[in-house]
Every structure is written in C-alpha cells, then in structure tokens.
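A, B, C and D label the chains in the order they appear, each numbered from 1.
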C-alpha cells in the first residue's frame, strides 16, 4: 500500500472519530474556527504532494512559526544563539514561568513560549525591518509570495496575552531580553498570527527533510548539521510536556500550534502537515495526534 | 571513509583530550576504576563488529540496565506498564524527588531512577525468581552465559543509596510500589551492578536496531512497535536532564550509566557502546559524549 | 466574664457543631479513636487549672512532641542546632520533600517532619539512652512519672511511615543525618507515640508561658531568650501551611498534632490544650481550631 | 534602664558596626542614597517619642506602604479581601512567580509584591481618585498633611520594574486583577514611592499598637480584631523569606521596605521605626535587623 492510500484510509477512519478535544479558550479569535475542519497534506522529496480534506484552507499556524523564526536566527547567528536559550525539554507546560525563574531567565528551549520570545528578541536586534524580513523569509521558504500575518489574530492575542507579557518581562528582569518587551511581544504576536494551509505548511517545511535545502529552488537555509539539530529539537521539545508522548507514539520530529496544526518531518523522506482545531489537554491537536500515530504505525516509517 | 576508519580516527583524536569529567563520588566502589579507561565497540546488522581501546574489559553498566529491565517488563505486560510510569522527559536530574511528589508517585519515565524502581517492582511481582530470571534474560540477549552481577558493586550501592531508598519509599507512600521497598531496592541494586564490556553491550543491544529481534538467533524480544517506542524513549529520556543535548549533538537514541558507559542505537544499522569512566556534571560520560558527537558528525549517520 | 466561663461557653457552643474534619487515614491506629471526643484544659501561671469535656483522657500527642524534643536539644546544644535546621515557615505541607531537595537537606524548621527528624538525630548523638532519657525529660516537665510511649501507635506509624522513611533517607543523602536512618526513625516514631491528656499537656507546656521555668518546681528548662524564640517558632511554624491562618485567627503561638491535639501558649499568662480527633484538610484539628479562634476572640487575649 | 537609654545604647553600639549589607541594585534611584544613614524613632501609647540619628530625614518607605494599603482595603471591604489574597507565609522571596503559578494567581499574603498588587487592584476598583484618596488616608493616619509621593522614585521603579510587570500580568492571566495591569502598576509604584522619616513612620503606625485607633485624634482605623490580624500577618509575613528569622530574633510584628526602613509594633506599648539603607541578602535592612534584635533582647519586651 502506498502513501496516498494510507493517508486516505487513516483520514477517513479518523474523520468520524468523536471529538474529545476543545477549541483553545484563551485567544478569542481562535474560538470562532469551525471545529469540524480536518485536513492533511504530505509533500515528499520526490516532489509529490498528496492532500485530503481541508488541506488547502489556511489557518493560524501559531507556534509552528517558532521553527521558522528559529531557523532564521540559527542561520544568521549560528550556535551563538544557544548562549541565550537551551536545548532541553522543559518537562512543563508551554507557558510556565516556574522553570524560567529557577533557571534565571534562560528558557529551556526555543519552542516553549519563553524561548520563542528570546529568539524574537534576537531577530529584533539583527533585522532592520523585522516583521517584513521575517515574512519575506517565510514566503521564500514556501515559494509563495502571498503568505501574510493576520492582523485580526495578532490583535486578539495581544489583547489576551497576559501570560506572554508576564513571561517576556520576567526574562527581561533577568537581562535576557535586549529590546523593549512591548516590541518583542508585538513581533511575537505577529509571527504567531501567520496563516497557512496544510499544503503550504508541508511544502514550506521540506527543507528540514532535505538536509537544509529548499526543494523548489535548492537554496541552503540551514547547514546539514543545523538541520539535524533542529529536527532533534523538534523531536525532544516540539510538543511541550507531550513531547515524549509524541516521540513515543508518532516517532517523528514535529511541532504543533494551538491553531490545531501539526507539522512532522521524516528526514530524507517527506514533510507532513495535519490540521484539526480542537486541542487535547496538553494543547496539541486531538485528532492531529491520532492521525499521525496511526499514519506512522501503518506506514512503518518512523525514524526509530 | 568507512565505519572502522571513522571510529579509529575519532577514538585516537579523543583519547588524549584532557579529562574534564570526574569519577562518580556516591558509589564508593566506582571510585576505584582507572579513569583512563576508554573503549568503543560498534556492532552492525551485517554482523560486523569493530572495537578499539578497552572494548573488551567489563565495567559496571549501571543505568544502562534500565533499558533491559524495561524490555523484559514491556514484553511481559505490554502497554499496561504505562499506567504506572510515564513516557515524558523529566527535565530534572536523575534522582529528583520533586516531580515525583508533585505528580503523586507516577515517575516521568522508566529511565530515571524512580521509574526504574517501578519497573523493578513490576518484575518482582511477575517473576518467580527475579534476580535469576533477569540474569537469564540478559544472558540470552547477549548470547553470553557468563554475564553476572557484581556483589561488590551491589553492596557498595546499597550501603550509600540513601537517595534511592528515599525515592522508593516516596513512591510506596503513593501506593505505586506493590512489594516491600527493601526487596525492590535489593533487586534494583543488583540489576545496576551488572558488568559488561563495550563489545558485549553493543551486541546485546542489537535487538533494538533490528526491529526487536536478536541478531544471533533471530528471537523476538519486542514487537516492532515496542522496539520503536523503546528507542523513542531512549531518545527523549535516556540522558536525564541532558537528553535534549544528546539528541541535539549526537542524534541517536541512547542510554548512559554512571559507570561511564553509553549505548546508542541507529535503527536498522548498528548499535554502539562507549566507555570512559569520568562523568560530566549531568552524570554522563564526559569523553563518551565527545566521542559520540564527533562520530555521528563524521559518519553523518544520525537519525535526523 | 472570667476564663472559666468563656471556656465553658465556647466549649458548649462548639460541641454540637457539625464535624467537617476527618480522622487521619495514614496512621492505622488513629482511625480507631472515637471522633466525638472533645476536651479542653487551661493552666495559668496562677496555678489555676480549668478543664472541660474529655480533658483527662489521654490521646496520641504526635507532632506536639516536636516542641519537647526541640526544647531538650536546644537546652543541651544552644544555638548550634540552627546550623542543621532553619527557623522559617515552610509554606508547604508537613511532609513535603520538595523544599528539602531544593535546600540541600536543611529542613526549614524543627516542626515539620524533616526538621523533627534532624532534632531526633541530634538527640540520638548526644543522649546515651535516647528513648529513656527523653521520656524522663517529659515526665519531669509534666511532674507526672507515669507518662509513656504507646508501643501500639509507634508500631502502627512505623508500618505505614513510608513518607517519613523517604524524608529521613533524603536528609541522610545530604549528610544532615549522622546516625542510621533506621534508628532515627525508630526514635521519631516513639516520640510521636507519647500519650497525654489535655490536662497533662497544658501543665507540661507551662514552662513556655513562664519564661522557661517549670511552674511546679521552678526548674529552668530554657533560658528566657530560648523560650521567646521557641514561642516565636511555634507562632510562625507550628501549624504547617496553616501557620499563618492560626496566627491570623487565634493569635497565639501553638503546635498541633495529627492525633487531634493543639497546645497554645499565652506568654506570661497561660497554656491551653484542646483535643478533638477529626482533622481539617491541612492536618490540624477541625474543632480545635474553631474553639481556639473563638476563645481568643472572646477573651481578647491574643498576643497581638 | 529605660527605653530612651536602651535605644541610645544600642544605636551607638551598632552605628560603627561594619556594614555588610548592600544598597538595592534594581531601583536605580535608591542607589544614590547615602549608605551611612542610620536613624531610629520610637513612639509610645503614652505619647512619648524618642528619636536618634537620622530619624527626621525622609526616605522611600517602599513595601512598608503595603501595610497602609492593606489597612485601607481591609477597613473598606472587611474579610472579603481574603477571597483574593491569602494569609500564609510564602516561604519564598518577595517577588517570586513560582508559587503564584502553582496556586493559580492567588498570592500567599498581602505583603509580598503579588499580594500588594491585588490590594492595589481592589483599591483601584473601590476608590474614585485612588492616588489622592490613598495619600489623604496616609496623611490622616500620620497627622501630617505634607506627606507625599516621590515622582522621581516612582518613575525609577516603573522604568526598572519588569519583575513587577511580570507578576501583575501573571495574576491578570488568572483573572485575579480586575483593572488594566498598567493602571495597577502605576498605582503600586506611586504607593511604594511614599517618603517618610522614622519619626513620621513610628507615629503613623501607632494605630496598630492602639487596638486600631489613631493616638492623635482617637479615630478608628481598624476594628480591634482587624488590628490583631494585621499584626499577626506582619509577624508571619512581614519580612518575606526572613519572616521566621525576624519573629525568632526580634519577636515583634513588623514590616520592612527595600528603602532600608523597618517598622515594628509592640501591641499596647509602642511603635518603632529604624532606617539604614543597606540590605541583607533577603532584602531587609542589615543594620535595622541588628538594631531591633538587640533592642528587644535588651528591653526584654518582645510579644513572646
């Protein structure tokens, strides 16, 4: 049985599964998304793409954007970024302040909110027009010039983002934010508001399956070593305090967002994106997790 | 350049590296090991073995044994074991009690001491002669009938193992240890006292690279899915609070022990064992980590 | 209205109050106590005693004994004991291991279990026949030669005391227990098993209201400064994570035990003991707290 | 020896003591204070006042103001305020976010920063012109119409107050701040910027020694019960994670501020204020603590 068949079969099997997840409560705009949306798209290094369901509809990619901002900072500054953010799983939820206080403002990894804020701060320092340049970067990765931020989502997050304001100011109090927290948060909220479809996501992330090179124009985004390390980070830290569970059940490096999207990478093979808006209690897409677990079980193609 | 050459080169390069690690202080007997010992052995699915340095000398495998006890319990009871121990990285050091108290006696994963104690408790309940049967199991995996526990090491650990006594009794207070803590600890200390060489270790662990089958007699130890999941667990949890760092730098599932040994698995390819007794501040072999980082960088053979 | 009248009135008012507390579950023997028991006794520096209800029936004083063991250690070694145990409220429950791990085995204060174990260890080191000498000390304080340990309670605690075993071994792992944890725990369990009545308790504790001197034979137990400091410790640390609440509502230094007893001191005035076996969720006597709050409100005799 | 003599003697003895404390680093303006300042003033219920040293020079009272804002909120809303803030010692430092996260945004007590922010939020909701009305309240308590905020200090705190911004937004994320965090913080920073001398402080706080009534015009500020409870709170929570130490060594309810001031109350006797700007590692005045310890030791007038 080939890829396409497996995806269709697992998709159809999971579509009617009773939804036990819930729409995220804390970003008002995300509550208005249709909870029944469900899309999947896989893109392979052989330049094949196969999608099913709502795979061409854009949604808020949220924390998935943290992989892209990390890539940009990593490519610009290399290993120096690890002086300001770690590479360890946090063992705690995505927005916890506890560890941050105990560890003096050095976030555990770039995929929890605290770490992503530090990466934003780094980009703010090194880019002239941060929002524009980051958007250009993503457009170039995706070969898609009309990707854009959602002002509506960004505004909604800003309005309710007290926890992120707390995180950013706490890090600032430890001198690990160089810019004004207000600017860092503004950049961060915009970055999280990016909207992409499963198809766009799976294509955009192909560079991580392709040793750091874009597939469409063979441009080097990261070195081979940086690519492997980014994948390793997604494996150990991509799903907050459910990262172990994802490695255990799915067995691929990946990253989720509270918009209900998940991207996973099979190095040297393919990139896959799933979208289903309702989240489990750890903040990861309920059906997205089910789909990917069964997909890698059926395809027997995990990295382990 | 082939495997053998890479191993030799990286070995020779790291041999004279100034030792920044330290012998473990808390198990008296381990302090008497020659700190200059350094051995490496790789065994491939093609039945090739290549060793260098002190690769045939036995040492105390310590926590590496936790992978073997997990395998035995997993094969006997299947997924039921996950009711009593989790699959998430702990984010804390190997013998921390904090998380255990906050999480009501359910250890984060089977590779921190708390989790390994619960696995020992499970084995104690389901085996008639636990010590003998476990030893038979390891001998069968390794195709080596003269492997054995070190009474001297077990006694030394027992004498100084106050932290482990605390862990076991704390779990018991949450009713997640069924047997008498004294018996669980006795079994645990014996298990950790197993002595093996790099050669023996790399051969013994081949089943995890071979979809769950021993290479020497094609016996199924774990199902394919259990094998992948065990590897995933080693990837996210095998090095305590340095697990992210190991995934990041080495990019292979692995497990370390305070005896200075590290085993790593490249699924469908090989199993590798390194031994150098001095430990870094996280409790993992200082030179072992250096060797493996450079080895996978040079061989470009990480899973990511 | 005088003391006697207030006590009777508040006693009678609270006797029929619906019991919302519960008998302690974790020490088997304490579950068999009649939950309807309720006694109060006050002893003044004017050598007056007034008791009501079950004030002459003995019960297990449990943690109240920690004040007596502290007094003995303090009188023998003076301020040196503060090198091994602190004087700060813990802010956590009575048997927490978290703080102990973060603070490297130095318990916050001598009234949480961890601190009391360290005091036991100190006594074990400095007394020739610890159990006998401690019993003699208490008998001498209380002017009552037939006070004694309850072997039945001590055995029951030992049998179920996994959490205390964990605490003691954790402290030992930080080298803040000098003797064998088994001996320290044995002494500790005995000490907690002491049985006294409200009348005996209120008389025994009079030295803390009397600048350190026994009332019956004017013997100096503690210096004036040590007495004040012991009272201050009871005020800030005597009720685990309900210490603030007790200071707030009752306004007297005091100490509770899971046997349902509470002793409180009004310096230079009186000592009062209450007993009602059912405990609130913080582990302090439910009716005892109600009684003392109303008693000090009515008598307007708190220290604040 | 009378009060006046003891104060003079202890003052003179401690004046030349080598300063081991340090000026607070995190509020820029406070770094410019002369570290050699040292003043003491006691005011008794007999309307006697005795001062020595720099007791008439104003300084930034900082957290001492938290007692006054609590009194205002307590007198307006009574026990309802305890639904939003606790009465337990925190066991942690003054600006910790850890406990706040674990306890879902309910601060441990009104004297840590988090709790004081909640009290500010309450006042903001119930006062029409919060800053003016609070200032009028303090002026009326002190019988001193020219007390005022320091705009310079308030601006300096606001500029560097990232940790407080983090705290306030974290509480807001738990819905325990009703107003805009920006307004709450603005009010808070103003309140902390109040400037008073030791003489003014000791007189202002006399109502807490006088069962809730001002001494100068016999106006009821708090009920007798509220007064006792406020004193109890100062006793258990007034010195952050040094509260136990202060109770232990000084034995009086009190409150410190990072401006180097400490106020302590001896109920029904007197109120005392000390000022020395250099702080110990817990954030309390180094010499102020020394002075008060010796003062109560010499006067033998602690509450215990």
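As a working rule, a residue touches a chain if its C-beta (ideal position, glycine included) is under 8 Å from a C-beta of that chain, and two chains touch if they have at least 3 such contacts.
These figures come from a predicted structure and were not determined experimentally.
Enquirer: Both chain A and chain C are touched by which chains?
Expert: For chain A paired with chain C, the chains in contact with each are B, D, in label order.
Enquirer: What is the chain whose Cα centroid lies farthest from the Cα centroid of chain B?
Expert: D
Enquirer: Taking the mean of the CA coordinates per chain, how far is chain A from chain D in Å?
Expert: 47
Enquirer: List the centre-to-centre spacing of chain A and chain B in whole Å, with centres computed as mean CA coordinates.
Expert: Result: the chain centres lie 32 Å from each other.
Enquirer: Could you give the separation in Å between the centres of chain B and chain D, each centre being the mean of its C-alpha atoms?
Expert: That gives a centre separation of 55 Å.
Enquirer: Would you please write down the residue numbers of chain C that are in contact with two or more other chains?
Expert: None at all.
Enquirer: Chain pairs in touch?
Expert: Those chain pairs which touch are A-B, A-D, B-C, C-D.
Enquirer: Please output the residues of chain D touching chain A within their complex, sorted ascending.
Expert: Touch residues, chain D against chain A: 96-98, 101-102, 162-163, 165-170, 172-173, 181.
Enquirer: Using the touch definition up top, name the residues of chain A that touch chain B in the complex.
Expert: Touch residues, chain A against chain B: 86-92, 99, 108-109, 224-225, 227-229, 231-233, 235-237, 241-245, 247-249, 251, 253, 267, 297, 300, 302-304.
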